[in-house]
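One chain, chain A, appears in both complexes that follow, with chain B as partner in the first and chain C in the second.
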Partner chain A sequence: MNLNYRFRIRETLEQMYLLGVQSVPIVFISLGFVGIMMVLELAFHMRLVLKHDALVPAFSAVLMVRELGPVITCLLLTSRIGAGIAAEIGSMKVTEQLDAMKMLSIDPIDYLVIPRLLGSVFAALTLTVISIAVALWGGAFLAVQRLGSSSGEYFNTVFFFVKFPDVIRCLIKAVVFGSLIPLIASFHGFRCGLGSAAVGEAATQSVVRTSLVIIIADFILTYLFYAI
Partner chain B sequence: MILFACRCLKLSCQGKTNWHAVLEQIFQVGVKSLGMTVTAGLFVGAIMALQIDVQLKDFGAEAFLGGLSTSTTLRNVGPVLIAFLLSGKVGAYTSAELGTMEVTEQLNAIRLLGADPVEYIILPRAWAVVISSFLLLIVGLMVTILGGVVFSQFIGVNPLSYIQNIPRIVTGWSLGLSIIKSFIFGLLIAIVSCYKGYKAHGGAVGVGVAVQSCAVTNLILIIFVDFFLSMLSSLLQDVLQVGYF
Partner chain C sequence: MPSNAKSLSKEFWVGVLFLSVIVLLGIFAWLMGAIGPLQSHSRFYVLYNFAGGIEVGSPVRVSGVKVGKVSKIEFLPETPQSQQERISLKLTLDISVKAVPSVREDSRFYVNMAGIIGEKYIEISPGSSSSTVLSHGATIRGVDPPRIDQLLSQGYGVFGRIMDFMDQNEKSLTEFLEGMRELITDANKLLKGRDRDKVISLIDNLNSVTGDIREMTKRMKNPETQKFYDQLFELVERLEQIDKPVIKKFLQEEGVRARIF
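Entry: the complex of A and B
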């Protein structure tokens, strides 16, 4: 990025819409089910270990906020937008649009990567918040329906055990994962070879690498936050 | 998509699967994904061990760490996360390959030769994806256990007591559930990616669209089926009154 960088507000807003707003339905559906599933599974384990299930909401909400919320949201985002970004930039390279941009003295990194980076960070942040809210609702639904606790009881326990630093750390994770997605994807797009087969190859590669890097980054961040 | 799956099933029931091609495809698809699966499995196991250790400290129940983290990983988190990665790798590879064949009219050429492309091209790939995803998921799950054991060394838990704790909580029921989940995820990845590749149209852009919609459909279906199976196993336990052994 050069120093006299001009903030491209229109491209950024467009990418925020494309990457963020259009991913809301899939995140909404998936994370609702994940929330229900976590309460179900943890109820099984809690009854097994502690012989009662009063702590299920707390345990599931903490696991959701600290770990699964950001990770599953960003893995969904990876296959939703990562492949798209890699394929888009790759086909621009194959059809020599990138060279045309350089001829017009537009830096492709300024013009293509930065708006996607900002849009994806915005998408990851907001979608993580949405996903955790939806997952908690799903969990509350199951807890009321099958475990026989009241919803007030559920949310009371959740708010007692999920601390404010947890939320901040969750958002930091979301920002890190959200910035990893377009960086790795556009890297693969720029390095894409010639021919249309190479574009598909770049898209596939970028999804796989991004998912792997997100899991590894999650491990490192969790270790830094909680084990030291 | 369901009709497509039925057609594949019918053809394979008629014994028209070319097992030699299946083996070749398993090598193509499966062996190349092994390294990625093992890495992912190690880290997933370590993450769950670390996270559950931190949470159990809050509740003062560290003694259950080994069993709880292994059981949660095996029953739920492990299959889902590894299946996510596999649908990115195996599913995208298959749908991109089939999509390219369809777009460049290779499938039409096979039809012209009087052969059925579903039988000749798609069936071996579908079975290869089912088998290799299933085996990779099992390997990945085994590696998650290993990852937890290795990582327990670093967080000051005795690995021996960690291992001894595992069979106290991980029951045959849980193992069976995770194996069933792995098989069904393999089936899902195979059907969705073959179908999306087969239905691709519209040049190179169409292949890209097919790959992306294959990945998204896979993820949503994996989460939905995982939820459904967990719910089913929970209901089944209540009905059979097997208790929480």
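Entry: the complex of A and C
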């Protein structure tokens, strides 16, 4: 029984593991600190301007769910996996492995890009949800320790302002960003020139352009979701 | 075999990650009120003419405790029935069955505001025990909140008219205020000047008179006085019934034409 025939499940699971599971620690640590930093910074500014910090949980959670959760997670994924995909495909091109695949009637898009695309979408979706949970937990920890708020009070305020449609929109963003990362990285990998310098250049260009495209896509999606 | 074990391990961790995220999403949905699989709700429809900022998802509270949410807002077409009292909105409320015994026919559905930024919610006042509990699917007329924008607009109009009136009657108003000022000045002089003793004496006399009246009314409420009044009333009644013709005849014989009774 050939499991790799249609959807290449084995490669897809491999990429899900590499891109998703192995990225959990970096996302966990980064977003935990982002959540803490955001509550700290918002509390400072709200005390300065409004003389009150009751709405810090609400603002930080709304910002995290609507914007920072998917964007920071996918930027981290870009730096971690985008460069890797571009370099991997680029070096395969330099060493003529792509040509060898074509000679063996293996479509490089089917074999290399689709599993990475599915793995990246899976990673972006799962890590975004985890990042939101970790950031909210980090914010609650700081609110309890430093702002004199109880965890119940914190989450009551958070879930009064953050609605489930916001989470759905956040997941849509994650899917879009997660799709962009392997597509742009693969594009740069396939267009890589000859030589090891070209591979490095492809990896760098991939990360820079993916980051830029993610931020522009975030603006467009936010505009479509909330401004229209 | 080691390769298969490693692959299985990867699949296992991918599955763990996937399931963790599904569980997290379920928790988010539950906390945000999108799902409530273990909680049954009762549904009511509340009619308003003006909802004052209520949105789908706004909380519903009974005695200040959150028990549900606004699940739907509909705009009603104008019907002959609604022409008498304009009703333009129909809100669907989903309320926990635990709170339903407090929601009765005489319960009132207010649009309230809470928190420092004024988030809106529907407050249901618990009904009296004599009224019946509202059944599932009942339609109730809510209490429209005051329209601040209209109040401001009307207040602006009222202040405008007051300003016009003052502009048109500036002379009369000046004279009136001048007269009031003179009156107050005279009263002040009266109280401070040589007639001060007379005023004090007058107030003392008034005080004494009211004291006497109070004493008199107090005595009139005495049981003995009450008894006297009753006897006097009885006497007059008997005189009227028994002696009326005799007295009348006597008065007529004496040439008196006055009508006494």
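One rule holds for everything that comes next: the second predicted complex is superposed on the first by the 223 of 228 C-alpha atoms of A that agree within 3 Å, B and C clash if a C-alpha of one lies under 4 Å from a C-alpha of the other, contacts with A are read in each partner's own complex, and residues count from 1 in each chain.
Convention: a contact is a pair of C-beta atoms (placed from the backbone, for glycine too) under 8 Å apart; a residue touches a chain by one contact, two chains touch by 3 or more.
What you see is a predicted model, and the numbers here were worked out from it, not measured in a lab.
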- [ ] Please indicate which partner A:K102 is in contact with in the superposed arrangement: first for chain B, second for chain C, both, or neither.
- [x] neither
- [ ] Once the structures are superposed on A, label A:L55 by its partner contacts, choosing first (chain B), second (chain C), both or neither.
- [x] both
Open item on the list: In the overlaid three-chain picture, which partner chain does A:A203 touch, first (chain B) or second (chain C), both, or neither?
Closed with: first
Open item on the list: Applying the document's definition of touch, where does A:A227 land relative to chain B and chain C: first, second, both, or neither?
Closed with: first
Open item on the list: Under the stated touch criterion, which partner chain does A:V24 make contact with: chain B (first), chain C (second), both, or neither?
Closed with: second
Open item on the list: For A:M37 in the superposed arrangement: first (chain B), second (chain C), both or neither?
Closed with: first
- [ ] In the overlay, work out which of chain B or chain C sits against more residues of chain A.
- [x] B
Open item on the list: I'd like to check the shared interface: which positions of chain A are touched by both chain B and chain C across the two complexes?
Closed with: 55
TODO: Show which residues of chain A lie in contact with chain C when the two form their complex.
DONE: 10, 13-14, 16-17, 20-21, 24, 52, 54-55, 122, 125-126, 129-130, 132-133, 155, 159-160, 162-164, 167
Open item on the list: If we count contacts the way the header does, which residues on chain A are in touch with chain B in the complex?
Closed with: 26, 29-30, 33-34, 36-38, 40-45, 47-50, 55, 59, 62-63, 66-68, 71-72, 75-76, 78-80, 83-84, 87, 91, 146, 161, 196-197, 199-201, 203-204, 207-208, 211-212, 215-216, 218-219, 222-223, 226-227
TODO: Flag every residue of chain B that touches chain A in the complex, lowest number first.
DONE: 36, 39-40, 43-44, 46-47, 50-52, 54-55, 58-59, 61, 64, 67-68, 71-72, 75-77, 80-81, 84-85, 87-89, 92-93, 96, 99-100, 154-155, 169, 203-205, 207-208, 211-212, 215-216, 218-220, 223-224, 226-227, 230-231, 234, 237, 244
Open item on the list: For the complex, give me every residue of chain C touching chain A.
Closed with: 7, 10-11, 13-14, 17-18, 20-21, 24-25, 28-29, 31-34, 57, 59, 115-117, 119
